[in-house]
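Per-chain residue numbering starts at 1, and chain names A, B, C and D are given in the order in which the chains are listed.
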Amino acid sequence: MSAQAPVAVASSLETVELTKSFGGVTAVDHASVRFVDGKVNGLIGPNGSGKTTFFNCVTGMIKPDAGSVAYRGNDITRHASDRVARAGIGRSFQLCRVFPRMTVMENLLVAVRHPSLRTLLRSADDEHERERARHWLRRVGIDHLEQAEARNLSYGQQKLLELAGVLMGDPDTIMLDEPAGGVNPALIGRIATLVRELNDEGKTFIIVEHNMEMVMSLCDHVVVFDRGRPIAEGAPSDIQKDPRVLEAYLGV
Amino acid sequence: MDALHSTRRRVTAAFALAASAGLVLSACSGGPGDGASADDDPIVIGVSLPLTGDFSEPGKGVERGYEAWAQIVNEQGGLLGRQVELKILDDQSNADRVVSDYESLIAQDGVDLVFGPFSTRLVVPSARVAQEYGMLFVEPAGAAAEVFEQGFENLFYAAPAVANDHYNYLADYLLSLPEGERPKTAAVASMDDPFAQGTAYGLRDKLEEGGVEILVDEVYPPNTTDFSVIAAKIAESKADVVIGGSQYQDGVNLIIALQQLDYQPKVAAFSTAPTNPEFASAIGNQTEGILSPTGWSETASYPSNVEFVEQYTEIFGNPPAEDEANAYTTGQVVAAAVEAVGCAEQGECQQQLIDWLHENTVETVVGPLSWDEAGRPSGAHLIQQWVDGEIKIVLPDDAKEADFLIPKPAW
Amino acid sequence: MSGSLLLQSVILGVLLGGLYALLAAGLTLYFGIMRVVMIAHSAFLILAAYLAWWFNRETGLDPMLSLVVTVPVFFLAGFLMQRLLVSRLKPLTLTMMSVLLTFAIALIIEGALGFIFTGTQRRIQLPYAGDSLNVFGAQVPVVKLVAFVLAAFALLSLYLLLKYTRFGRALRATIQHPEAARLVGIDTDRTAGYGFGLGLATAAIGGTALSLDATIYPSLHWHWIGPLMAIIVVGGLGSIPGAAIAAMLLGISQSLLQLPLGATWAQTVFYVALFATLMFRPQGFFGGRLAQRF
Amino acid sequence: MRNVSERTASAALGPAVTETVVVVPDTPRRSRWPRLVSLALVVIGAALVLSFPFVAPNPYILSAGVVILNYAVLSTGWNFMGGFTGYISLGHAAYFGLGAYGTGLIVKYLQLPGFVAWVLAALLVVAVSIPVGIAALRVRGASFVIVSIAFVLILLLVFQSWREFTGGSEGLIVPRPFPDLMRPEHHRVFFYLFAALLAAALVAWWIIDRSKFGTALKSIREDEDKARSLGVPTTRFKLIAYVLSALVTALGGGLYALWFGDLDPIFQFSILVGSYMVLMALLGGVRHLFGPLLGALVVGIALEYFKLEFGDTQFHLVAAGLLLGVVVLFMPDGVIPAVRALIDRFRPQQTSIRDVTAAELLEQNRAAATSEPRAGASSDHRAGAAPDPHADADNREVVR
């Protein structure tokens, strides 16, 4: 629990004493974190500090051993990942994951926000959905690839496709696991701009990232992880000066 | 059997099927319409037998019996002056195969006559196919009660007795023994097969009525190979009589498992298995005293039997067994009807053959046979026992070749 | 029901469990190495049993001598099968496709056995087939004892091989962490091939042991694959000790349940255990799904 | 092969293409198969099927036609699960057997008319498939296959052993629904019934295929965890697909019982029948509406042929095994994509124009891909492979 957490911050996503261990290794160790609603939150830390495991626990990909997760006041601890997604938390994966043998358009039509009999039987050709899909494809800049199979896209394009797919689910909060990982600098810029724009439109972001330049320029609020728990948080400029952060990064 | 001819017809059939299924609208040959037989054409007889699968051992025996019959008939000038030709298909002991086999034999190949398959399980479905095409259906193996309860009018069982009556002589004999020698307890294990159960339960029920206590009553599916626990239960019961409703391999396995447990009954009766020529070596030659019912005896003096044993031995180099004889009997029954009625083809003729058999008695290798309206024969089976390394008839008294051995020597 | 019958059943269960343990060890080995469910394992088992029977019939020698040939041949067959067939499958669909591929191999073996040896049931006639030892009032068939000793010996050898040899360490490393194994210079592809060979070698031994006291026919393998798969799931996929313990427990349970339930119903114990495992402890009861232990 | 189809596919996209685009051949593309042509093909196919009883030279061929239609129904039923979600059930014969035995037992014990029993049995199977589905779908990949096989084996044991109720190994006789019909007419009636059932199953599959539900199911096939993270309620959707699949298979089984009349546990609950369903669907192509039907035609005729030609041997098993092996190793997507690729080869007007550009695009794609920093990860992804098969397989074992 970080003592410096500003009291007045509106919390969108909050964990309390979240813990997960694999065998003898505790990957997330009683982590209590609050992310700020409506902002771009950064989650940084040295390799192996448990960021991705934390992500997975929050989004229900793995079940935490102890602790709780709440989203906008609702407890979502141990909810399956599809429920978490439908609650409004979209996410991307560290090694980007798309549906390789489906077309770009089909990839976008997967997301489900309200499962009902009507949605189930609605034609996938639904023009309204397609129009939404084209909108997001244009936004991420791969609308010309609509009919290509996802496996034939370059890695950078797949990252954009993954992001567009997440956006199709109309999430309020978007968790990105290393959005800049493995892509060229031009694309990093494009992704950063996109995040900015979307944030201006009201989306909350939580970003795990190693690219410090990106984190410092993009994030409003940064949480630093070390050994499975937060050791510091605050504005990027403050974090950079924090001795504990330096120790964590240099000590490892 | 004319394998080549048969193969070619089958290939044509397959292509016809492929072509039709591929929906090429072309005329195909090979329908039953070809059946209009010229007088010198052979009479084609269709059979489906379990040459592989659970019943392959007896199935092959039946096959040999049919082949021997065809060969002997042809040597004597055939039926109605025409040669006979068998067309034998393998049903792999599957009910679905046996139906499609008979269907293809009757409808596709247009055979003139059909003979029955082996095992009660397969008789019922195939008899129905025959019935629905109006064919006479004489069969060598469907002895269980249910076969005759299906309302078939075309079916005849070519053996002296239905399964439940196979052990009648043995039951009567055991119950007639004086108080001290009469067995008091019995253990039963039977394959889950209508024929095997029919035989075993016929004996079981008669003994039970006579006051013998049934200590163990087990049923196992046809594919069972591990008999150690069933044997353990039987051995534990120390029953005086062990009754095995067996076909072949299961009987062998059960006996070996009983031997391994050193169980020594006074009476051991097993259906079918002990009459198999390989039985003795399969159980390590410890056969002394094992009983089995048989509808047929190698040494019976019916004229056709003497001829059958002699000619069969000449053809195959060893004497026939019961399955072979039952198959041969089937052939004799059909042949008698064909000769009497004077026809052998699909259509009207079949009903005439059926009517004739309902009204007449046929001389066969198992003696004279006649049937009730459901096709049940009205005789009883002989009881055989292994004595001095050979299987001999011990019951009834007027047919016996050796004296009944009780208690049975240790195995 | 007397004590001696109970003892009898326990002993028979242990003897059967030994064979199950050996075969399940092979099956779980393939899974550990490559996440392959080897449906053809029991088909190879029956193949080995047929070869032992055939060897005995042709030469009149003890069927166990056929191991001298079948074990190396099966090892080679397993190695080639992994290198030439299984490794061709795409990693993404490996698990599913390998099931189908090994299923196809099982069909081919069954069909070939039926083609060559016909569907007739076969049984080796050993001079000591009917002999038994008396143990505290229970009769223990000598052939079953011999089969058990053979299986136990093979299982022990497998254990020692994996535990104490260089190859065993490489294999375990490949199972636990293939990337790390590659980093330290282990040729994981080749090792996986050897692992497959090892698995098939256990089938060769198991088949020979089986042939001593069982009736065999080509489609018999279906009656083995179900229980074996249940065993490896209950034991924890990929865990060899788990498989061995589960095999023993289920073998004894089956044997004991046969007394009140009869042979057929008793077989359901495997499937009940399988479904119970999946409902309550899908990672298995006696080992991790990652085969962490040996 | 791949190159050719890639070329033609991307060519179809027209000159607006500016960046790397490759469309792989087996994506159903309506644009390349104009609706009119598809419709005409379906009509012609249906007409040919319906006229079959009149051109079949004898009742045996007709009965073989019924068997093949039955296989097509079963295989299409299997494809509701296997095709959409990629969960391969080798034990689907369980539902075939349950449908058949359910029908027979209801007729026997409740004395209901055959077709009423048929519907009731199908509903009962649905009721059974829900708990079984819940248990089986807790696991993925290998474990699911094991469960599916175990399920059919357990049913075989039960139906063999529970003699008092099921008739045990002696089997069960199902009375004919039309006792007055002669055998050839009986076959003809059931041929049309099976055809109607197949048509209904195909329509249902087609509706799902183009629905949002279908897209969600396909996403499960591609990457289940990813699908979940996008809000797809995978557990529920898989269960629905599983139950639908069981329902269609059971309807096929029940109709088989009414047609054939003799049920035997060994055949009704055989792994072999289940594997034929898989083989047929896979051979035809699991991603295609008519894939299983096509597979049933090919495999059904081949099986019949092998049994006729090599009847008294087990050769048909070897043949089936070899066929399955070849399909798995060399054309896991089935023959329909292969045939499409072949047809595309004979469409010169489209390929010739954009040949060069397509090749260029492909080259660009490669170049762009290799120039990216994390080459290792990216190349894995482009190949459609998970970065680490073991990690992937482990994930698939994880239970929710």
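Operating definition for what follows: a residue touches a chain if its C-beta (ideal position, glycine included) is under 8 Å from a C-beta of that chain, and two chains touch if they have at least 3 such contacts.
For clarity, every value in this text was computed on a predicted model and none was experimentally measured.
Considering the contact criterion stated above, the chains in touch with chain B and with chain D alike are C.
Identification of common neighbours of chain B and chain C yields D.
When every chain is reduced to the mean of its CA atoms, the largest separation from chain D belongs to B.
Geometrically, the chain at the heart of the complex, using CA-atom means, is D. Chain A and chain B have Cα centroids lying 74 Å from one another.
Measuring from the averaged C-alpha position of chain C to that of chain D gives a distance of 31 Å. With centres set at the average Cα position, the gap from chain A to chain D is 37 Å. Taking the mean of the C-alpha atoms as each chain's centre, chain A and chain C sit 46 Å apart. Taken residue by residue, chain B touches two or more other chains at 51-52, 219, 221, 223, whereas all remaining positions touch fewer.
Shown for chain D are the residues in touch with two or more other chains, namely 160-161, 313-314, 384. Counting partners per residue, chain C has 92, 114, 119, 262, 264 as the residues that reach two or more other chains. Counting only pairs that meet the touch rule, the chains in contact are A-D, B-C, B-D, C-D.
Looking at the complex, you find that chain B touches chain D at residues 7, 10-11, 13-14, 16-18, 20-23, 25, 27-32, 51-52, 88-90, 94-97, 99-100, 103-104, 106-108, 120-121, 124-125, 128-129, 132-133, 146, 150, 191-194, 219, 221-223. Within the complex formed with chain B, the residues of chain C that make contact are 1-2, 4-5, 8-9, 12, 16, 114, 118-121, 123, 125, 127, 129-132, 139, 141, 143-144, 214-216, 219-220, 223, 255, 258-259, 262-264, 266.
The part of chain D that touches chain B in the complex is made up of residues 45, 48-49, 51-52, 55-61, 63-65, 67-68, 160-161, 163, 168-171, 173, 182-184, 186, 260-264, 266-267, 297, 300-301, 304-305, 307-309, 311-314. Those residues of chain A whose C-beta lies close enough to touch chain D in the complex are 59-62, 80-83, 85-86, 90-91, 93, 95-103, 106-107, 109-113, 115, 119-126, 129, 144-145, 147-149, 151-158, 165-166, 168-169, 181-184. Residues 86, 88, 90, 135-136, 138-139, 141-143, 145-147, 149-151, 153-154, 157-158, 160-161, 271-272, 275, 278, 282, 313-325, 328-329, 332, 384-386, 388-390, 392-394, 396-397, 399 of chain D are the ones touching chain C in the complex.
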